[in-house]
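Below you will find the structure I want to go over with you.
Each chain carries a letter (A, B and C) given by its place in the written order, and its residues are counted from 1.
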Amino acid sequence: MLTVQSLSVEYGLVQVLWDVSLDVPNGSIVCVIGPNGSGKSTVLKGICGLVPSRRGRITFDGQDLSNVPCEELVAMGISVVLERRKLFVGMTVRENLEMGAYHRSHRTHMRERLAFVESLFPLLAERRAQLAGKLSGGEQQMVAIARGLMSSPRLLMLDEPFLGLTPKMVNVVASLMRVINKSGVAILFNEQNVELALELSSSGYVLEGGRVAIAGSSANLLRSDHVRSIYLGE
Amino acid sequence: MNLSASLVLEQVVNGVVTGTIYALVGAGLTLVYGTMRVLNFAHGEFFMLGGYVMLLTIAVIANPTAGILVAAVIVFCVAAAVQRFLLRQTHRNADATFAPIALTLGVSVVLQSGALLVFGETYQSINYFVEGTLRIGDFRIAWQRILIVIVGLGLIAILAGFLRFTMLGKAIRATAQDPDAARAVGVPIGLVHTLVFGISGALAAISAALVSPLFAVSPWMGTTLTIKGFIVTVLGGLGSFPGSIMAGIIIGVAESITVMLTASEWREPFSLLLLLFVLLLRPQGLMGAPWSRVT
Amino acid sequence: MVTRDVIQRAGLHVGQGARRFTFAVLGLAALAAPVLIGDTYLLTIATQAMVIVVFCLSWNLAAGFCGTKSLGHQAFFGIGAYVAALTAVDYGYSPWIGLIAAMIVAGLAAGLLGAVILRLDTLAFTAIGTLAFAEIVRISAANFKEFTRGELGFWGIPPLPDIKLPFGRTLNFDPGAFVNYYLLSVLIMLAVYASYRFILASRVGLIIRAIRDAPSAAQACGINLARYKLAVFIWGGLVLGLSGAFYAYQIRVISPSSVLGIDLIVSVLAMTVVGGIGTIHGPIVGAIALTALGELLRPFGDWRMVVDGAIIIAAMLYRPNGLLGTR
């Protein structure tokens, strides 16, 4: 579905990613893991075009994304939830969700989408009129993911979805991701907690120093010596 | 000094009149800063352009409403063009934080000297839209001034409604609150930038058109207004639309009261001191977001 | 053969050294030119240019390196000018003392303003705060007419007194002594430039450059940024106070709009940004280029300003980082 070939990203004079390639098959959950500063977030931002300069080839269902600006990705079926949620703090929960369906083609089904999303996240129905900035971290993450779903995406990209969440919320978000995936949405996410990420995903990419160190099915990665010794402390 | 009640009231109302103009000018600047993080040094020149378009239109069609509309539309287009073809290019290089400011300064110089070339060093004014004064006892105020407040506040209300309730308005607010998130949900922020810049120009033009009977139209009428606009914007809180409205009115009234109590030459320093005082206590302005979110 | 080997082995260093030497020679030649040509109009413009260069250098160190986006530096220039005028005319001190007094008062003003404003150095706060300060100074100068003679201007400022040299010669600074005024302005500019390079090469300069390139990283290193920014701000005040005083004794009439107007800082900003803000020599290049341009365009009358503005726009479109900045 999504194919990234040799993505390299520079922030001004500093290169952050070197030749990163990854593949997200239809309907799968793929994770990008690695230590802090390895470039995990940059991979997602690079795919979306939220970086100053990038090189490489990115295709989505055969369409070349290299020159497509970020704001046009939603219409193509790609939704990205950025790190630290990046909600519109001055707007209510309901308005944030509405913004998720901003594109004209999505607005026609606004009411149904809102109903669907609120069924997945019952909390949001209660907090509809509250300012997004006043919610707790976990609640904000809910809103962010819900907002991402409002455009009926086929690929959902989540940048550090578990950052700053309580263990209970982590479980909630993880099972939500499984539910969303079962309904046919492919998910690409990055995460620092290796065990959590590999248990949730079907395949993964380990990023170290801006390069892909190893990759493969999550099951294999969990068993690999590299992952076990460096990340699982065994 | 005879401080009769009606005199004080007159001064306060006059302050609200100038304050409404300041609010309109400041609101445009704050919207631009909020969505683009740019201080538009040519804003006063958009005001000046509005004044001249009004002047020219009135000479042809003696209808003030037509004049105001034409001024708004033309300056909207000029401002939008400036953003789309000039300002946007400097934005690409995120490194150069001063480039947009220098560019708007260049635009300001070109517009002002251009006006000087075309219209000369003249001061021109036009007739009042509405003649006569409202009198209630000893209190009196020209209807023209009341008109300014009504039209100005009406415009502000429309704009506020637009921002609050329409999808495009929400897109503008979203862009101001988080440009990356806005792009991620599909807001066409290039278009938003151009639109906001155009709107700010239109607001300035309408303000100029409204005051053209009271103050003469000249190539320099915009210079002090840019500074005044910045002061209103910072006092209200950069990027805060309601803040700029509030700040505009406050400064207008404060200036009026200063003139009443001392001489008119201290009018400016007073509002400046007021600004500094507020900034010391509350650096983010009256309604600005907390510091972590203001750059 | 031996020499060629040595030169080849020195490699890059010789290239750099040769380049610096060439620029230095060209620079000195350019500085000497107005004296050799002898045209009084050229000398006057050149003197003005020296003052502007000093202004741009001081602003660049604060805004380009420390990130202090000040729109109020003209206050220090004006304060210097007025102190110089007042000490000489109202208090009868020698203008040479006036120069020093101007420096001190302007420096103090910079210290006071900086201490208050620099706690929170963001675009809006600093820019508008310093602008407000400068405007308050300007309007006060216009209003306190008993001291400053108001908007009509402070006339009758004496020129600098003669300096008695050995062998019975005197260096006079009468109104007609264009060459001597020019040479003095060059001396001041070179002294300021030397202190500017000295600061940049020192430990302070290292920190300032860290602030320019990565402010959050610099802060994370535990450096008290505010203190260094304040130091640079005060240096700017001292330097501009001196310039303002020189201007007062040279032109011998000042007014709030001529020494405290916003157009001063606007020109300085445009020149520095066009030359390359945050670069070492960008301000000089920008100042000379735009001043020369202004003079070349003089025959065009009112078109001059239009072309001026258009050039600034063009510069920002094609070289947003300035002539000497990165592409």
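Heads up, the rule we're going with is that contacts are C-beta pairs under 8 Å (C-beta built on N, C-alpha and C of every residue); 3 or more make two chains touch, one makes a residue touch a chain.
Not measured: the values here are computed from a predicted model.
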item: Distance-maximising chain from chain A - centres being C-alpha averages; value: C
item: Most centrally placed chain - per-chain CA mean versus overall CA mean; value: B
item: Where chain A and chain B are represented by their mean Cα positions, the distance between them in whole Å; value: 41
item: Approximate Å spacing (C-alpha centroids) for the pair chain B, chain C; value: 33
item: Length of the line joining the C-alpha centres of chain A and chain C, rounded to whole Å; value: 51
item: Junction residues of chain C, two or more chains touched; value: none
item: Multi-partner residues of chain B (at least 2 other chains); value: 95
item: Chain A to chain B touching residues, read off their complex; value: 12, 48, 50, 52, 69-75, 79-82, 86-91, 95, 98-100, 102-103, 107, 147, 151
item: Interface residues, chain B side, partner chain C - complex; value: 33, 39, 41, 86, 89-90, 93, 95-103, 105-114, 116-117, 223, 227, 230-231, 233-234, 238, 265-266, 268-269, 272-273, 275-276, 279-280, 283, 291, 294-295
item: Residues on chain C engaged by chain B in the complex (per definition of touch); value: 63, 69, 116, 120, 122-125, 127-129, 131-133, 135-136, 139-140, 142-143, 262, 266, 269-270, 273-274, 277, 302-306, 308-313, 315-317, 320-321, 325-326
item: Parts of chain B lying in touch with chain A, wherever the complex brings them together; value: 94-95, 167, 170-171, 173-174, 177-178, 180-189, 293
